[in-house]
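First subunit A sits with subunit B, and in the next complex the same chain sits with subunit C.
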Partner chain A sequence: MWAPVHGWSLLGYVAASVAAWVALFYILHRLPLRHKRILIAACTFLAGLFYTLEFFLPAHSRWLFFWGKHENPLSPLVGPLGDAVSVIYGFTIALGIISLASVHGKAIARRRSGWHNSVAFFAALVSMIVFGLWQSYVPDDPHRATWIFRASTVHRIYDVLFDGMYQPLGATVFSVLAFYIASAAYRAFRVRSGEAALMMAAAVVMMLSQVPVGQWLTHTLHGPWANLRVEVVANWLLTTLSSSALTGVGLGIAVGGLAMALRIWLGLERGSFFEAGGPK
Partner chain B sequence: MKTEHANWFETLLWFVVSAIIVLAILTARRGRTLYIRPIPGLAAIDEAVGRATEMGRPMLFTFGLAGIDIVSMQALAVLSHIARIAARLGNRLIVPLADVPLYTLTEEVMREAWAAEGKQDAFRSDDIRFLSDQQFAYAAGVIGLLNREQVASAFYFGYFYAESLLLAESGQQVGAIQVAGTPATTQIPFFIVASDYTIIGDEYYAASAYLSREPTLLGSLVGQDIGKGILIFLIVLGTIFALLHGFFPRALPHNWLADLLGGAS
Partner chain C sequence: MTPVSGERARHLIYALLGLGTAAGLLIHVRQPVVVTPPTRSLRDSIQALPRNKLVILSIGWDVGTRGENGPQTEALIEDFFRSKIKFAIFSFASPPGPTMAEQIADRLARKHHKTYGEDWVNWGYRTGGVPMLMGLAKNIPRIVPQDLYHTPISKIPVMRGIRDVHDIAMVIEITGSASLDPWVGFWQGVYGTKLGYAPTGVMVPEAFPYLHAGQITGLQKGLVGAAEYERLVGVRGDATRRMTALSYDHVLVIALIILGNWLAIRAARRRQEPEGQAP
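Let's look at the complex of A and B:
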């Protein structure tokens, strides 16, 4: 929407933006709680109004947008507004780090049980920040030397931290899911009621349909009986019974979400942030 | 930037359903008595908080990976209710988070809950913790908390992905009474098998109305039920037209309703 700026102009824009944000945060901080709530309600209404109008007004209309190219004037603002939200989210990263540092710092200072895990947290935090930023600013060139290490060494250290440690740790937690599914399935399949029996029968059909031996069991069924083959029954369960039930659940969720959104947008919601006098 | 826009029918439908919801809210505010059916999962919240207090063990509430949106706003309303009871009974409520902006809102809601019960001094800001915005790092952190703190009650309200079963199974292993609610339809089965109570579908958005019995919120429930009725009527009408079009292609060469709504015939 706006042409990019460079050099001193960019610096000026950044400085002006930072100054505006500092002033805004100062004013917000000084405002009494009652006024803060009114401000939150006003901002929520304006933001909701913008996105509602942008979505429901057509992209092109000679009658509604009689000037220029007859295009929806709000659509070009969607991108910059999304960027502004990302910037606000960016501000909050520091809050997350402060929260983590506070909890783990206290654990180390008071020598709480497992305090050595907090030391590992600080070591991981610092090394990922340092090598993450370092490798992103230095091209992976084996002949190029940086401040302490060669550029390729910085990249290798980052790879060890990210690909060699962080990703396997994530994969390990994910793979625990396989064992948890088994224990959850064991509990669910204990037939204690009619519903549990139905659930177990459906699960057995689904599992058999996924393995060759299951499909082999009913492969001799032909003609109209072919509809009773394990894979056909499993597909019917999945695409007819299950998906229609899920569509019904989805319908309820969508209308419930709309009602919740309307309550927040129009200031009809009750509880924290929504009432001028606070929650009852 | 190219954005999506509604067609005339979507606009009309949104306007009609929204108007009905707002009218129902306004009617309820005038004092009309409204009935809400019992929802066992929500009724169990008070029992779960009381049980944790009796056992002298803390509780845990998680939003999953939800950021600031409608899902987390509803979860915040539930959290506010649980926090008020926890403050009243003098129990701890641990809230690990995966989203930093939500962390600030959560802290505010918790602080208000303790203040509303006149126990500002007992409020522990350390119990609200940002863990990580990475799915499995967050899951590992919550599992660690469930085990280390030996929580007696765990509440899962928000948006969940694959971590749902990891969390709920870990809660089972420490013997916590668990109440879960999510609009993520793919995760509902995992919560059903691993939690004691699961709130399904639109029951999730009925939570704040059910817990507070606030006329405004109860009115919106009535409005959304009428809105659902309209959508079901349209689905039935669409099915009839599709069947007629299929059985009598000569008499009904076009699916009139699908043509009208701009969909495929």
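Let's look at the complex of A and C:
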């Protein structure tokens, strides 16, 4: 049932799936809010139940799964459900693009301040989608013509967009953080109390331990004094003090996450979708 | 000495940082790199891997953290090529990640005379998060039917005999975001798969509880971890070359903290002085 299909069968399956989804969305759209609530809560509960049972039930058990090969019957469904989740994730990307296009489209139509940035957004979006897909599907033969350009030209345009523009622009945006951090270190890191002094001392040790020049500063310490080398002190801070504290924090977050997950799974968490601000 | 005004101080700091970093990247001062236990542990666990299985190099980074994660990836791929370890580049967290890691693998492959498809494969980016990873553990060809170049997985030599999690020797997550947990929860925790971790420097403290618990077998601590790894492999790569700039930046930040505090203390004393002198 879950075997991949090819050729015309694949097209048939895709067409049927699209039709089914359109029908489903139409029905969902027409349903009153009360029924939507029940449907969403039921789907959430079933999805949670599936993964919980699949995870906690043993892979093999003669007693629980007394038929066939005594294997967990839910396990073979993990793959197909993973595919389904990937498709749903794909929808979320499309939703994001639609949302961005709507915001920037309105900005251009109404000539809001900075509307030229929205034009840049559309130019970047369209060119990356077009040339990204195009270069991905053209053959490697550089002299072979593909529609307007030769394959080599398509690859070159994509390289200019990805290596020449996307990568340096992204790196630049992130690199600006370094300037803010350096500036903040000068302005904000003030020793106003004993705790702040301790924190600063730990920060200085950690920063020195992360670079060779810091390790070089204490490399002459030998024997029992070697325990005072920057990298040794930093390792002790990380493995003993910081690790213990972070484990405690992590445990608290995990327990909170579990409680939150249970609330969502059992439909107790309402959120904005079901409240007054949500869809009617 | 009059304290530098806010705006001018900021510009001075930016200039010191920008020019110093640029100079550090151009001028390489050889510095001793001390190999720390987490990096050594990662290398040892990689060297102990069986050669008939595949290593997944999970790329959770993109251009924003390329400065650190790029050299980490480079050091690991260098080691894989030298040690004849076959690997798969893959990502569930960063769409451009596999393309960027492929550029590094391509460059190093030319140096080591390695061939795509025989020595490594690129599975590309897959959406689906945790459910997808759960499915990947049970049936790799199902979740990854073709590689980055649309070649069916069944036709790629390095993928011969690779069916599920049991054919994977280790997963190494190289990341600038919190993308380790799914591997810990659904691969290491369930199947006992070996995990390695190469986060950016700021994420290192969060990694130590995993190392303590034995959930990850080793750690590359940001850029300096990559430099340590390069030392273990015996190569002077990007990470080692960037140590001069990194050393300068860290020393500059420490100096700025000290200077800022000294100026703040001096200003506070000055404010107190007239009050103390008043009758």
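The rule is short, and it goes like this: the second predicted complex is superposed on the first by the 243 of 280 C-alpha atoms of A that agree within 3 Å, B and C clash if a C-alpha of one lies under 4 Å from a C-alpha of the other, contacts with A are read in each partner's own complex, and residues count from 1 in each chain.
Quick note on the criterion: contacts are C-beta pairs under 8 Å (C-beta built on N, C-alpha and C of every residue); 3 or more make two chains touch, one makes a residue touch a chain.
Note that the structure is predicted; figures quoted are calculated from it, not measured.
In the superposed pair of complexes, A:S75 makes contact with subunit B and with subunit C alike. In the superposed model, A:L262 makes contact with subunit B only, not with subunit C. In the superposition on chain A, A:L100 contacts subunit B only, with no contact to subunit C. In the overlay built on the shared chain, the residue A:V173 is in contact with subunit B and with subunit C. When both complexes are overlaid on chain A, the residue A:Y89 reaches subunit B and subunit C alike.
Applying the stated contact rule after C-alpha superposition, one finds that A:G194 touches neither subunit B nor subunit C.
Once chain A of one complex is fitted onto chain A of the other, the partner contacts of A:S183 extend to both subunit B and subunit C.
Contacts of A:G250 after superposition on the shared chain: both subunit B and subunit C are touched. Contacts of A:P224 after superposition: neither subunit B nor subunit C is touched. Within subunit A, the residues touched by subunit B in the first complex and by subunit C in the second are 55, 75-76, 78-79, 89, 93, 169-171, 173-174, 181, 183, 185, 187, 246, 250.
The touching residues of subunit C, counted against subunit A in their complex, run 9-10, 13-14, 16-18, 21, 31-34, 36-37, 62-67, 96, 99-100, 103, 126-129, 131-136, 138-139, 142-143, 145, 150, 190, 201, 204-206, 208-209, 211-212, 221-222, 224, 227, 243, 246-247, 249-254, 256-257, 259-261, 264.
For subunit B in complex with subunit A, the residues that touch the partner chain are 1-6, 10-11, 14, 17-18, 21-22, 25, 70-71, 73-74, 76-77, 80, 100-101, 103-105, 108-109, 112-113, 116, 126, 128-131, 133-137, 139-140, 143, 148, 162, 165-166, 168-170, 172, 183, 185, 188, 190, 192-194, 200-202, 204-206, 208, 212, 214, 216-217, 220-221, 223-224, 227-228, 231-232. By the touch criterion given at the top, residues 54-59, 72, 75-76, 78-79, 88-89, 92-93, 95-96, 99-100, 102-103, 106, 114, 169-171, 173-174, 176-177, 180-181, 183-185, 187-188, 246, 248-253, 255-264, 266, 268-273, 278-279 of subunit A touch subunit B in their complex. The residues of subunit A lying in touch with subunit C in their complex are 4, 51, 55, 75-76, 78-83, 85-86, 89-90, 93, 136-137, 162-163, 166-171, 173-175, 178-179, 181-183, 185-187, 189-191, 200, 203-204, 207-208, 210-216, 219, 231, 235, 238-239, 242-243, 246-247, 250.
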